[in-house]
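Below is one structure, written out as structure tokens; the observations come after it.
Per-chain numbering from 1; labels A, B, C and D assigned in written order.
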Amino acid sequence: MNADFLPEELLIATVADMLAGLRHVAVGAQSPIPGTAALLARARWGGALRVSMLGSETNSPFTDGGRELFDCASQGRIDAFFLGGGQIDGQANINLVGIGDYPDTKVRFPGSFGSAYLYFLVPRVILFREEHTARVLVPKVDFISAPGVSEESTYRKGGPHALVTGRCVFDFDDTAKRFCLQSVHPGHTVDEIREHTGFDYDTPDHVPETPAPDADTLALLRGDVADAVAERYPGFAAKIFGAANAA
Amino acid sequence: MNADFLPEELLIATVADMLAGLRHVAVGAQSPIPGTAALLARARWGGALRVSMLGSETNSPFTDGGRELFDCASQGRIDAFFLGGGQIDGQANINLVGIGDYPDTKVRFPGSFGSAYLYFLVPRVILFREEHTARVLVPKVDFISAPGVSEESTYRKGGPHALVTGRCVFDFDDTAKRFCLQSVHPGHTVDEIREHTGFDYDTPDHVPETPAPDADTLALLRGDVADAVAERYPGFAAKIFGAANAA
Amino acid sequence: MSDILTTVEDLAARIPDGAKLALAPDYSGCSMATIRALIARGVRGLHVVGVPSVGFQGDMLIGAGCVATLETAAVTLEEYGPAPRFTAAIKAGTLHMIDGTCPAIHSGLQAAEKGIPFMPVRGIVGSDLLKHRDDWTTGTDPFGEEDGPIVMVKAIRPDVTLIHAPLADRHGNVWIGVRREMMLMAHASRETLVTADEIYDGDLLADEKLASGTIPGLYVSAVAEARNGAWPVGLFGRYGGDEAHLRDYLERARTEEGFASYLDEFVHAPHAHKAAE
Amino acid sequence: MSDILTTVEDLAARIPDGAKLALAPDYSGCSMATIRALIARGVRGLHVVGVPSVGFQGDMLIGAGCVATLETAAVTLEEYGPAPRFTAAIKAGTLHMIDGTCPAIHSGLQAAEKGIPFMPVRGIVGSDLLKHRDDWTTGTDPFGEEDGPIVMVKAIRPDVTLIHAPLADRHGNVWIGVRREMMLMAHASRETLVTADEIYDGDLLADEKLASGTIPGLYVSAVAEARNGAWPVGLFGRYGGDEAHLRDYLERARTEEGFASYLDEFVHAPHAHKAAE
């Protein structure tokens, strides 16, 4: 672990890199790291990126009620979105419903939200789940809230782009329809990833370390971006940037 | 012609009678007589009738754009509406498109507006056309903008209730699927109606005269109602009530 | 039309056992005052529709045994974590779940708003949600421009929408600003019952700025003034949630006994549901 | 994002020949300033969609030979009577008409708004309109609760929506109040071009009262300030139509020569289209 930045800051900078060149990214409720990444990306590109944070009163551009995000996505006006999952499998299927034989789930999650829709309509869906364990990253999800891949005839304009966890970044290969290990976060190893991942994936001969955020990025993040984040996620902003700025 | 009221006042009072006991009547644009009738009905029943006048800034209750009237009708929240027609035939079909072989119409009307929809969804549709001639009231319309009757299997919650013209009132008989002469306006005759009506209809043995508005109705009409009408139809209000009040 | 104004207890009395009841998420307008009154009156067998998700309102009604069926895209208390009485009911098998996804709920309500029997919805194909819904099916584009299947959802027509808003007037007009999921709910439902923090002295439709965020009284059956009526949940643009109270709720609601003690204190005690005023 | 502000001439330049162009009725928001600039630049082959009808904008564009196809529920000048250049074009057979009905146009746009290929619509069955539309068809309720046919209309996705509004800001947000057909048009169209009577100095979305009547800048490509830009038509809540001017138009537009003289005076003369300022 590099002492110059927090693990969350690495994740934020890593996700922000994935938003390069986009016009509009939307972020769901309760997504502090993706939300901060989107704000960082916007700050880095001089405001050219539009960021719509659901539930935020200053960053939501919507005026047509709960349906507008979904309509907007289907119109092709949202380039990137974030999804998580109580379980995620090797075909990028996500389960937001529960563990066990539905409807008699042993463990119940909150529910599918808009995943069964947005996964089809937003070109770049970034799967984000900090917990990287074999409990979460499973061979096959117990319930497919939203499928990672579809048949050729299915109307599908989007899907999984990458999976970012607390240990690594997986790329999703649309052709092979499986994940490929792209980089391992500082302090973690390829073997450790293998041990804690329940699904099968590809590993290149050389797996680089996830690039550390540079000084300019960290300065931006801990300055203007931290202030913007504090509006939506005061607890998160205090915890991360309070600590980082004190360090 | 009774000198105590204008022909328009008779029509207004006659139409207002047809709105007795309803909860909500909507009136389209450019409908001064039906609009005034609705306001008279509302005044008479102490405000229990809701009147939605399209294009009126004080009597329109809609806040969801042009579609709301139609959605509202389909929800069953509108009890009565008015339709006209460049041609109207004996099955209560209406033509708002043109005369001749569509699309090569010899005479072009403005278009069907919402008739093809509202005629199916508003329980009590009152056809209103002042001009009562064989040119307008034809055996068969050249173009059916909206059909008067439908097959049993068709989803239809509404349809023609009556046809009010400058000469008489026809009732529409849902079972026989044809008009029946209900009353003849003062100064007009049953034979005259026959002469100027292009379609076939039923005539009872005794056809009453359309009842004249009573003094209370006229007072209400020329007082509070005239003031309310002036907001939406200043020219009409000045012409009718200016004249009536001066008489 | 001033007889549209009534009490919270009357609103609760107007929601019959077994009603299909549409509720908004915690970030929108939650009539917690009426939820407490509903629990107090012992409503049973509700079919709750979360538009598109449901939070504390759902958890409390479920915990109090008021809900037979829950149709929603999620049960979420947002930053407060899992919903304890919902989770317990699922484990006990006492709740009939109809799991959906946000846009399908919006589209089902829009179908009801338009009085049409169904509406096509993008996505969903291949989701296990589809396997468990007899009110969803797949069809094809009748114009033949697409080969693949398209999901069609049946109209959702709630009996009652229950919401809380910042302002309502004596004509039954209700100001909801940009939180237009509540407008859709009102259009789609047979009846709409409303509590408002404040009764606006005038006609909301007569002010051109307010009118654009107003549900017309045409759709509203009854309004009750309930100052701070969303408490302990927040109200958009007005006040946040009562964090200490909600954390206390969560702590107690971990057990059935604790939840019962919460209801005793905040619902069943005389005038308990007015505690926030 | 202040580069969203441009000129009326630039708006006209952004509407290509052959574009499918959505326009609002006279009682809503008509960018007559841009219509004049469009005629001045000699646009050709437009497919105009009236949402759901069209008035003076349509008559002028048709008279100037700009329109190949007109898709609308009606052409209406309201109290001013029949639309002269529209009537003449129909008689001359120079206009391809796609006759519709208001709710079908709204539903076609709502289908585009939702990115779905079609939407069911009530009524219409038995109307001759249906015989002439290859983008309407009939189907049945997939849930089998109804026996009869239901009409399904294909999505209408305009290339460009052109509107006039009372206020717009430098972020591209546009205040349209309760005239939400313009919101639907913006959502359904690839691009939305706007003139506004006034540039609002601030963020329309930051004011909770204004936000609820605002089209977000997300949907808006460009905005031009055009004081009195709906003239000679009126603008809801702001000003009425210029009756004397409109009657003069109608008188002249009875003949091709008269209409040409109108264009010479109010469109082609230098700075003519700014005459109202």
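Note that in this section a contact is a pair of C-beta atoms (placed from the backbone, for glycine too) under 8 Å apart; a residue touches a chain by one contact, two chains touch by 3 or more.
The model shown is predicted, which means the values in this text are computed figures rather than measured ones.
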Measuring between Cα centroids, what's the chain most distant from chain D?
A
Taking contacts as defined above, which has more of them, A-D or A-C?
A-C
Mind checking the centre-to-centre distance between chain C and chain D? Centres are C-alpha means, answer in whole Å.
37
From the C-alpha centre of chain A to that of chain B, how far is it in Å?
60
Note: chain D sits from chain A at a C-alpha centroid distance in Å of 40
Take the average of all CA coordinates in chain A, do the same for chain C, and state the distance between these two points in whole angstrom.
29
Chain C: positions in contact with at least two other chains:
107, 110, 114-116, 121-122, 146, 150, 178, 180, 183, 211-213, 237
Which chain A residues sit where two or more other chains touch them?
62-64, 70-71, 74, 121
Going by the touch definition at the top, which pairs of chains touch each other?
A-C, A-D, B-C, B-D, C-D
Residue positions on chain C within touch of chain B in the complex are 1, 112-116, 183, 187, 205-206, 211-219
Under the definition above, what is the set of chain D residues touching chain B in their complex?
25, 27-28, 51-53, 72-76, 78-79, 82-83, 86-87, 90-91, 93, 97, 99-104, 106-107, 110, 121-129, 132, 146-150, 178-184, 236-237
Give every residue of chain A touching chain C within the complex, in rising order.
29-30, 55, 57, 62-67, 70-71, 74, 96-98, 102-105, 108, 110-121, 143-147, 150-151, 153-155, 235
For a test of understanding, state which residues of chain D touch chain C in their complex under the given definition.
107, 110-111, 114-122, 135, 137, 139, 141-143, 145-146, 150, 152, 154, 176-178, 180, 208-213, 237
Which residues of chain A touch chain D once you look at their complex with the stated criterion?
24, 47, 50, 52, 58, 61-64, 68, 70-77, 121
